[in-house]
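Below is the structure I would like to discuss, written out as structure tokens.
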Amino acid sequence: MRFVEVSKRFGDNIVFDQFSLAIQPKTIMAVVGPSGMGKTTLLQMASGLLVPDSGAVVKEEGESGSVSYLFQEPRLLPQGTVFSNVELSLHKAFPDKKERTDVAMHYLNLVGLHDFIAYYPRQLSGGMRQRVAIARSFAHPSAVILMDEPFQSLDIKLRYNLLDSFVSLWNESPRTTIFVTHDPKEAVLVGDSVCCLGNPKEPNLLFKIHIPREARNISDSELLGLESKLVKALVEA
Amino acid sequence: MRFVEVSKRFGDNIVFDQFSLAIQPKTIMAVVGPSGMGKTTLLQMASGLLVPDSGAVVKEEGESGSVSYLFQEPRLLPQGTVFSNVELSLHKAFPDKKERTDVAMHYLNLVGLHDFIAYYPRQLSGGMRQRVAIARSFAHPSAVILMDEPFQSLDIKLRYNLLDSFVSLWNESPRTTIFVTHDPKEAVLVGDSVCCLGNPKEPNLLFKIHIPREARNISDSELLGLESKLVKALVEA
Amino acid sequence: QPMYEERLSNEPVKANIAVMAGPTGFSSVALSFNDGKINDSVVAEISVYPSPNEVIARLANGELDFACLPTNVAANMYNKGVKVKIAAVVGNGMLSVICSDGSVTDYTGLLGKTINVPDVGSTPDQLSKLLLMKAGLENGKDLVLDYSVASPAQISQMLIAGKISLAVMPQPFVSMVLAKNPKAKIVADIQDLYAQVSGMENYPMSVFVVTDKFAQNHPVATQSVLEAYKASVAWVNANPAEAGQAIEKIGIMKAALAAPAIPYCNLVYVPAKEAKAQVQAFFASLYAFSPASIGGSIPSDALYL
Amino acid sequence: MKVRTKRNLVVFGSSLLLIVIWQLGAMVLDSQILLPQVGPVGKALVALASSSPFALHVGLTVSRALESFFIIVISATFLGILAGGSPFFSLFVKPLIVVLKAVPVMSIILLAFIWFSSGTVPLFSAFLMGFPVMFVQIEQAFLHMDKNLEQMCDLYDFSTSLKIRHYVIPSLVPFFITGARTTLSMVWKVVIAAEVLTVPRYGVGGQMHLAQVQLDTEFVLSWTLVAILLTALGDLAFDGLVALAGKLKKQLDKRRLPCDL
Amino acid sequence: MKVRTKRNLVVFGSSLLLIVIWQLGAMVLDSQILLPQVGPVGKALVALASSSPFALHVGLTVSRALESFFIIVISATFLGILAGGSPFFSLFVKPLIVVLKAVPVMSIILLAFIWFSSGTVPLFSAFLMGFPVMFVQIEQAFLHMDKNLEQMCDLYDFSTSLKIRHYVIPSLVPFFITGARTTLSMVWKVVIAAEVLTVPRYGVGGQMHLAQVQLDTEFVLSWTLVAILLTALGDLAFDGLVALAGKLKKQLDKRRLPCDL
């Protein structure tokens, strides 16, 4: 997927100005950036929910069709159970009820919510709601995954578990992914490339990580170096 | 301040069971712990808002009188301006209007809100509201400071700036402080001692940090070691 | 063609008749006997309403065929284009000024006093104003008409309790007050005063009206109803005690209140043709002081059946 | 449990006190017309309830109220959905709704009395008074629909039918319930008001008015008690239905879960 | 700007259409009693407005409405604060409030008619109908007060006076405004209803009823228009006052800022 000289403004607020960025097909682009710098806007343009004022978002071969969008808020149907919130997003892809149920349950197990499938969103904590949204976006078959701070409001333990699950799920069927996070550590653990927003014209920082994802360890000095580079870029943004 | 064999339960949920913890006067105790393990409950007992079912919270000499409590939510008066939200908490300590105004403005400058003193909370972003609450708790003269995740919902840059400001303010007049955070890095940067909750009977982990606060640097290997210890304790909790 | 219709149907014609919960209702009670069956071809259905207000709209929208109404209301409706005819005068005047405490003994003593009158626009109100005008007096200056208590029944209670001193009242409340408060006296008879100023013997207080539609479509039935009404008036006047029971039964008023008053209610049956002169004279008097009270003009002969 | 007993005791005590105050007041006033004592009103109530047309009076009032209630709920929901979907239509009917909301009930009743046969007046008046309330609620529901959820439905490939069943209808329901509840309590009052003014042959309001002119205050009070009871029963029935619907929905949701966990 | 013009155009157009429909209907019906044409109603309105007792009729209705409005707002706020502060008092008055909310307006008016002189009936009825609305709002305000904010005030050493001024009163105000607005629009309707039934010497409702009885439908409509206008003006005045109070508060808040920044 490529953003080609994309511009987007809200009133006087110029968020992107002839901004270009390319994401290699079937790789993960981790995006960090201070609040209000356009991370969510970038995802919305990628999803087609928002149309750039000028420029274009170009999809490569194999990226057309459905996207999975994990919104910054959980966006669950308040009147649906945990189960049906996941299951409803599978109707188109899995017309067979049995199959659909199995897929939904698989992902709900993954996020540790098997015992809560009969609950309604109002009965869940913020973190649990976020997990339902994660299960939904993982379960929904799509060529592109867009994730807006997926692991916010989760405690650190669950966070790392889910990060692991995400990586192994992704390895099963690699798809073009934009992963927005506010945690530089997460970004360097997960991204094939990492981009830091902070300037409407171009990324403040953009680098590739060549260490295989499975081999990454947070105490690795190269990763620590990248992380501190990223923190510096963020603080200076 | 000492928690002496404190027990507290909500219905069947035993949060503290004969739990003891001592905080040296005029030091900072950083507290981390998974969600729902009693961090906020601990602060509420320290403030007197919540009375333990059994056991006692003992204050040392010089810790009596007012406390400054930075709540987990900003808790601003919705009908008051940014300025008056800070200024009203100073009425008792500073009967003189001029003096009170100067103190309030000093702390509002510190959190970068000088241009917003005429705004109402509804006109501010979540992070800005949090900063008003921080200014209020710093400004309020007190023997004890209780802070419940003070820097949540702030971007990384502001976070580090405010952490610096907090440390220098604290150095001006050291006061007994409990600093709850979900960020292990923050805990090791700020605490004289660090405690990890996760067990109603005793802290999961409790250690002192002997490096002077001013000399701490996040790339310091000793600190990184402490941080990973803390992360491990959190993940295992 | 209407006659033809009537003969064709075997069903008896239903005549919807409205009376008010007051003296105009009294004289109609015999119509309710036999479940309202007047003869093989006509059945009367009597409904009781709290005031003329509920009746007027029903005559206008066609729900009612006959009604007992205050005389001026009939003129007003006629002038507004509601097609009704006066069939007969069924009640002559029966208003009195009562004093509950002996502070006034005859009508000359009323000057400067406050007199309670039920309901603005009601017959007691109109006649009071009419007489004031003829006597050259002014309401609010020479004496005060007070409308603050609108229900005659409530004024009666207050007269009995001595809470108010003077009031213009219709029957049967006059009888009731006199019976229950020994100190109460009639200090003026409105009928006498009206006779003095108009030269007429009495004034027609209520009339029996029929809608044009019913009268045209069912002339025979109309005639039957009128005859039955006439007979009913005669029976009520002759048998006040039994009439009282019937009055209570159809929900007009308690027998104890109605029966003793019947002799004083001036219940009559004067067919329209005979009553026309008297009625027109009454309209002329009302017109002179308030054209609006009869709808703006004196009705033509077409008002009479 | 104990707190609840205490609450009920206080409520019971104050209800009793109300009745005692009434009785004392009646004894002091000593006027059957101004304020009858508790006993006679009780007797009048029994007399009413055992009189043969009682069922007719109550039945017709109830049927008028329910009929207008259903007409309002159905038509206002339909038009409200149209208005919610089309800003033009919404603007277009706005003047009418504003006028309807500002018209005093009495004007409507008086005019309706001229226009229609008296049996229709309570229905028509209740319709004109209740319609704007329900309509505005449904219109509001559309304004309060969560556009974010709609985006979610679209991105996650919901079919139109799924979207209506799981997003649109659930968003409307709370507003629908609020609107219907308000409409119901309004409809009672307007129907009775119209009956008082038009005195139909059968109906609680008309009987109340006749009792009042005849100064049978104990019957006015008895009919008032009947009206209060009707309102209370209506509210109870409504809440019962809503609770039942809620339970039914939960049952259905359970059915949709994989196996009977 | 353009969107706004378009909106106004639609609203204007549909208002015009309403009037055209009325006029066409009147021409088809061709009955002065059933539905007078627009012209005659306009004339009647002018005749009304220029008749000498017009000011008295309107003035007395307005003064009854305002009087009951103020009595309700003051007494219900006072008692609502008591009830908000004391759960016992709140429980204690609950039965009374429940009954008052369920009583049909008409019952109250009919009973009041027996009890009071006709001038007092509208006041009394409006009081009984409006009081529970305002009372419940103020009571609700206490239930919705943010206990967290109260903890904050206490920990940050607010004096009682500061707490009342900056925490209690601001928490009550929105509920007070909602309650007062609802009360105001209710009071109009009840006062006019009571006037219709009791026909006091002066008052819009009584005139409306007299006009109806005399089959002067054009005057019924004219008085209805007057009533709608009064309601609309009342709402406008209320919103104006609320906006003014808001501005005043902002001014005061500005004054409390250090120097004139």
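We just call them A, B, C, D and E in the order they show up, numbering each chain from 1.
In the analysis below, contacts are C-beta pairs under 8 Å (C-beta built on N, C-alpha and C of every residue); 3 or more make two chains touch, one makes a residue touch a chain.
Please read these numbers as outputs of a predicted model, since none were measured by experiment.
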item	value
For chain B and chain C, chains touching each	E
Taking each chain's C-alpha mean as its centre, the one farthest from chain A	C
Busiest interface, counted in C-beta pairs	D-E
Chain A-chain E separation of Cα centroids, rounded to whole Å	53
Rounded Å distance between chain C and chain E, as computed from the means of their C-alpha atoms	40
Separation of chain B from chain E, taking each centre as the mean of its C-alpha atoms, in whole Å	49
Chain C: positions in contact with at least two other chains	57, 60, 151, 154
Junction residues of chain E - those touching two or more other chains	33, 113-114, 209, 212, 215
Contacts with 2+ other chains: residues of chain B	none
Chain-to-chain touches, reported pairwise for every pair that qualifies	A-B, A-D, B-E, C-D, C-E, D-E
Contacting residues of chain D [partner chain A, same complex]	148-149, 151-152, 155-159, 162, 166-167, 170, 173, 249, 253-254, 256-258, 261
Of all residues in chain B, those that touch chain A in their complex	34-36, 125, 127, 155-157, 160, 182, 184, 219, 224, 228, 231, 234-237
Partner chain D, residues of chain E touching it in the complex	7, 10-11, 13-15, 18, 33-35, 88, 91-96, 99, 102-107, 110-111, 113-115, 188-189, 192-193, 196-197, 205, 208-209, 212, 215, 217, 220-221, 223-224, 227-228, 231-232
Of all residues in chain C, those that touch chain D in their complex	21, 47-51, 54, 57-58, 60-63, 151, 153-154, 157, 251, 253-254
Chain D residues within the chain C interface of the complex	31, 33, 113-118, 197-199, 201, 209-210, 212-215
